[in-house]
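See the structures that follow.
Same chain, two partners: chain A is paired with chain B first, then with chain C.
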Partner chain A sequence: MSDSTTPQNFEPRIVAFFCNWCTYTAADLAGTARMKYAANVRVIRTMCSGRFDPQFVFAAFREGADAVLLGGCHPGDCHYMEGNYKALRRFFLMRRFLESMGIERDRIRLEWIAASEGDKVQRTINDMTAAVRALGPLSMEKRALLHSADLSAAIDKPESRPAATKGGAA
Partner chain B sequence: MSKPKVAFYWCAACGGCEEAVVDLNEAILGVVNAVDIVFWPVALDFKRTDVEAMPDKSIAVCFINGAIRNSEQFEMVELLRRKSQLVVAFGSCAHLGGVPGLGNLFGRDALTATAYHDVPSIANGSNVKPVEESKTPEGTLSLPKLWNTVKSLEQTIDVDYYLPGCPPPVKLIVGAVEAILAGKLPAKGATLAPDIALCDECSRKDTKPEKLTVTKFHRPHEIVIDDEKCLLAQGLLCLGPVTRKGCEGACTSVNMPCTGCMGPTSRVEDFGAKALSAIASIIEAKTDDEIVAVLDKIVDPAGTFYRYSLPASLLHRRREPQSEGVHKS
Partner chain C sequence: MSAEMSTNGAPKVGVYVCHCGINIAHTVDVNACTAFAASLPYVTVAREYKFMCSDPGQEIIQQDLRDGKINRVVVASCSPLMHEGTFRKATAVGGGNAFMFQMANIREHVSWVTLDKEMATDKAKALIAAAVSRVVHHAPLVRNRVPVHPDVMIVGGGIAGIHAALTMADAGKKVYLVEREPTIGGHMAKFDKTFPTLDCSACILTPKMSAVRSHPNITLWTYSEVAEVSGFVGNFKVKVRRKPRYVKEDQCVGCLDCIDACIYKTAKVPDEFNVGLSKRKPIYVPFPQATPLVAVIDPETCIEFKTHRCKKSCAEVCQKDAIDFTQTEQIAEVEVGSIILATGFKTFDATRIARYGYGKYANVYTSLEVERMVNAAGPTAGEVKLADGSKPKSVAIVHCVGSRDAHTNRYCSRVCCMYSLKLAHLLKERTEAEVYNFYIDMRTPGKGYEEFYDRLLQENVHFVRGRVAEISDWAMEKQEEGKLTIRVEDTLVGVVRRIPVDMVVLSVGLEPQADADDVRRKFNISCSHEGWFLERHPKLAPVSTFTDGVFLAGACQGPKDIPDSVAQAGAAAAEALALIDRGYVELEPNTAYSREELCSSCHTCVALCPYGAITFDTTKHAAVVNGALCKGCGTCVASCPSGALQQNLFTDEQIFEEIKGVLKYV
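Entry: the complex of A and B
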């Protein structure tokens, strides 16, 4: 795995949340139709795109995902009437937050893919893999460790601590 | 029998938590009668050396407020942890990182540059910056090291209980102190506050519509606020639905929307993510352009949804380019 994170051999890890009724079915169709697409996506099936919670996305980034793809039914086609609109609203607000956290727009994507659009699954995954490959690794989990360096530096080198001055803390 | 020993300490905080202790009013006399306060820098003249001289675990309970963002604060909380049987994270900053935690949107170098150089009110012609060591004719002077990342208390030491709020409501403080004195504490790791959302105790609860939708967000100064109607139904960005109750609607009862200082309930891992999700979901618009127009009224999503909890969130802090991400010591 360590190879995959060097710039030359970087293989993006993309976590996808696909809704049961449209996008997941489309991914199934792409499979049965033997359409080839980049093997960089790990698909998680949710019952509806409206089930997507920003916590899922942030947790994926924390666990080492380089990008997250969300897939749902086209507007008006949601099996539960409104779920995809809720996903869309969350997506826009979440993307603005992620930008302020220094995470590029291309690392998070929402696509409407109907059950019959196996070719769109193929195209979307290939496009996104190429885009994320160009961006390079996100390495959020490594950065979280790096930032605990503040702490370990203090633990590792007690001699480097400022000497307790008289009345120090008070 | 000697009285249980209690300590208070503050780290990166505004002092409001100390005020909250004083806000106990008459109740504080009961507390003072029941316990021995052995360390409280803001009110009593004890020094660090006094704490160092105490036997380990000799303090029954230590209340620590404030986030941890420099080496001295870390040394102090480590020391107090060693000397205390129980450590309570007191207030939003110790609990989730608090307002100082928003420093994680920038990092040490950017913050120092702003504070010592960029702000218009600074006259710093000789470009003085804080350094950890400076040599003077009298000897070498030292300052604590400012961390690049602000942390909540539990990210630095083991914490037994959490008292949320900015500052914690007096009622919860009294409840916690009574529980400690009576030895009737819940399991370790508990948050000493009710585990249900604020709407439950909001005076406007009955006016919350069955299906809550928002067509436009307003900031509190932009509209005349109805004293009785649900604030979200009036288009005010109120985080009551995702925030733990226990404050008895201190803000909502005076026409100020909830900003989420009590943090999440036990079912939520990342407060801001859930808040963002809840608020976005109730927007009525359905097309991209309309949704974006409504969301544009939320000028600062990070500061709005993570006002008290960025360090404790899943992402902790703003991502920096790899080269800068490495800690410079």
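Entry: the complex of A and C
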């Protein structure tokens, strides 16, 4: 990921928070089943999605994440009875807050993934990586670099114009 | 936290990157990861090794701890759900605290799911950096021990539940066996013979049923269901709903005079035990060897319940005054240390495949109906009869009905090939009919199973390889008139055949119980895609669940035959016994705690805790956590606006550092 500043090579970095009992286990299952998926998501494990403090999400964005994925047990399945409902309520709060800060709503996602749903981990991560790649990097600095890379590409090859949306080419 | 850290000296982190043979090393550049780890702050030792979980691998960590080179350990290998226990133990054996350890999952989350080697290596580095950043802020912790209640509850009284109950009871443990039907026995009680030995099913089952009834250590609650489960491993509280039988269980002697005396002179209600092939009265026992042999009144059909004007001849005739129309549902509450779930399966509903004509043609039966029909104690006293009372001259057995089928269930139900062979043998024996088996593949793995298949081939049973397309009474030729015609592609010959028969047996597959989802929620366990209860690990913990102290036995975990169900029941009993005989469980020290001086008295956490573990201390003006009640979800910690609440192993500081670490370097 050293060269993430050209639009073709923009590799988003997504931080995921997964609960121990359902989604983390599902991610393990995806591994055991050798399901291949994008390498852009880095998982942090907590015992329950109820532990997802909104500050963790904001910290991840502050530290340079392009998006945050939250994963918990399906409604009614929480190992601790109702932690996932708390996560859901906080999720809406976080998304509104982030939107008001100008962070696109597709950069945060909450998914219910049961322990048996390894395929859903694969699907979710691939979908989200593609969506965030299309959005481009979150950092203004990286966006500027991408934009200048676009410009120099246009200067090198005058016939190819810079893409209207950044990063869509990858 | 900082005070605790100082007791352990300045952080010195050892990072150990595992090759896992080639499982990790094939995709992740282990040497690059090790060199990267060595460059991270506080890392004093970074090594790679072929198998970190092996004894020599663990010894490397222990030696570095003993040499004083490190006081914190990071192992980058498989999932913590796999080997966290192993490495925590190794850390403790080496003289460290087991919780000064963190794992980076670079196998399940990296090498096994990533194609690009460079990206895999980058992701592995990020996860290692996260673990190192975090472990610097770990503090030594101790595990709390809680005693294990020695009693056990077994849910489901089929062969698996019965075997587990007897094993536990023989070991001297007190067992509560809960069964929702009026009798124990489950599906096995309905079978005539068992494959491949052709043992009489009742002959081997009923002695075990009686043993359950008479065992001093077993409390048998039939016609009962678990209503509510609370507590945790070693200390569950279970509420059991005991449905009214309207017959006093301690008075009834099983003379059955009440049934004869019922004002219904003939039986009119479809008999559940005989899958509707016969009728019963509103007062009944499911079958002659029912255990307990106690009558039960079905209030849906009993005249007294419907009109309150019955002369109650059943009660008049009962010499023990056992009949009690005023019985009501009772809730029994017990404490147990472990729970074994053996709730079994249901058979596939054959009406879902309309082209096989079940429910439309009288002579299309399910395998379970034929099991009852060939049973000497069944509705036809063991005679195989068509709807008109005549004997069939030809019978088709259709395999994989509701199995191996993208439209119904994709999985193989495992038992149908063998029970179809058994039924083929029994039908041949009873009727001398021509018997055809229509199969996709014959699946007969098991002791003596392939030999049984060979035997059936010798018995002149016909085998046609192909999934049946349709069963109809529409005759194309004279010989098909009045018969059911099987249309099938014989894939060994490569032609479509039409085979007229008198009787069709649909070998229905096994499905999870209709209410499996409700049951699993009660016990806080997971289900697989298909709805079978999910085991903790298919190989290493096949009878455990993700909820400690709850074990699985029999077909509730997946389709299995009687030998496998019994073996699994024994395994579940052994696991429960191990738990009880150790006498205590060590709890993961991931409970929440309150830094009372920071509490702003907002009370938010008090209402959020699902276990009532947080109270507000009005003298201290602070929320306090009862560590014995806390289960460690961390919901309160996430809600605390002043940061007063923290969770051991998942403190704010540790997670913030993990977030920084996972993003800072790569």
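Throughout what follows, the second predicted complex is superposed on the first by the 137 of 170 C-alpha atoms of A that agree within 3 Å, B and C clash if a C-alpha of one lies under 4 Å from a C-alpha of the other, contacts with A are read in each partner's own complex, and residues count from 1 in each chain.
Basically, a contact is a pair of C-beta atoms (placed from the backbone, for glycine too) under 8 Å apart; a residue touches a chain by one contact, two chains touch by 3 or more.
Computed from a predicted model, the values in this text were never measured in an experiment.
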Partner chain(s) touched by A:75 [first = chain B, second = chain C, both, neither]: first
First, second, both or neither for A:90, with chain B first and chain C second: both
Partner chain(s) touched by A:141 [first = chain B, second = chain C, both, neither]: neither
Touching partner for A:59 - first (chain B), second (chain C), both, neither: both
Contacts of A:106 with chain B and chain C, given as first, second, both or neither: neither
Which superposed partner A:115 touches (first chain B, second chain C, both, neither): second
Common ground on chain A, meaning residues reached by chain C in one complex and by chain B in the other: 53-55, 59, 86, 90
For the chain A and chain B complex, residues of the former touching the latter: 53-55, 57-59, 61-62, 75, 85-86, 88-90, 92-94, 96-97, 100-103, 138-140, 143-144, 146-151, 153-154, 161-170
Chain A-touching residues of chain C, taken from the complex the two chains share: 79-82, 105, 107-110, 112-116, 119-120, 122-123, 126-127, 130, 521, 524, 526-529, 534, 546-547, 590, 608, 610, 631-635, 637-639, 647, 650, 652, 655-656, 658-660, 662-664, 666
Touching residues (chain side chain A, partner chain C) in the complex: 1-2, 11, 13, 15, 20-22, 24-25, 27-28, 30-32, 34-37, 39, 42-48, 50-56, 59-60, 63-65, 76-77, 79-83, 86, 90, 114-117, 122
List of chain B residues in touch with chain A within their complex: 9, 41, 45-49, 51, 71-72, 74-76, 105, 132-133, 142-145, 147-149, 151, 155-156, 268-270, 272-274, 276-277, 279-281, 283, 285-286, 288, 291-292, 295, 298, 300-302, 305, 313-320, 322, 325-327, 329
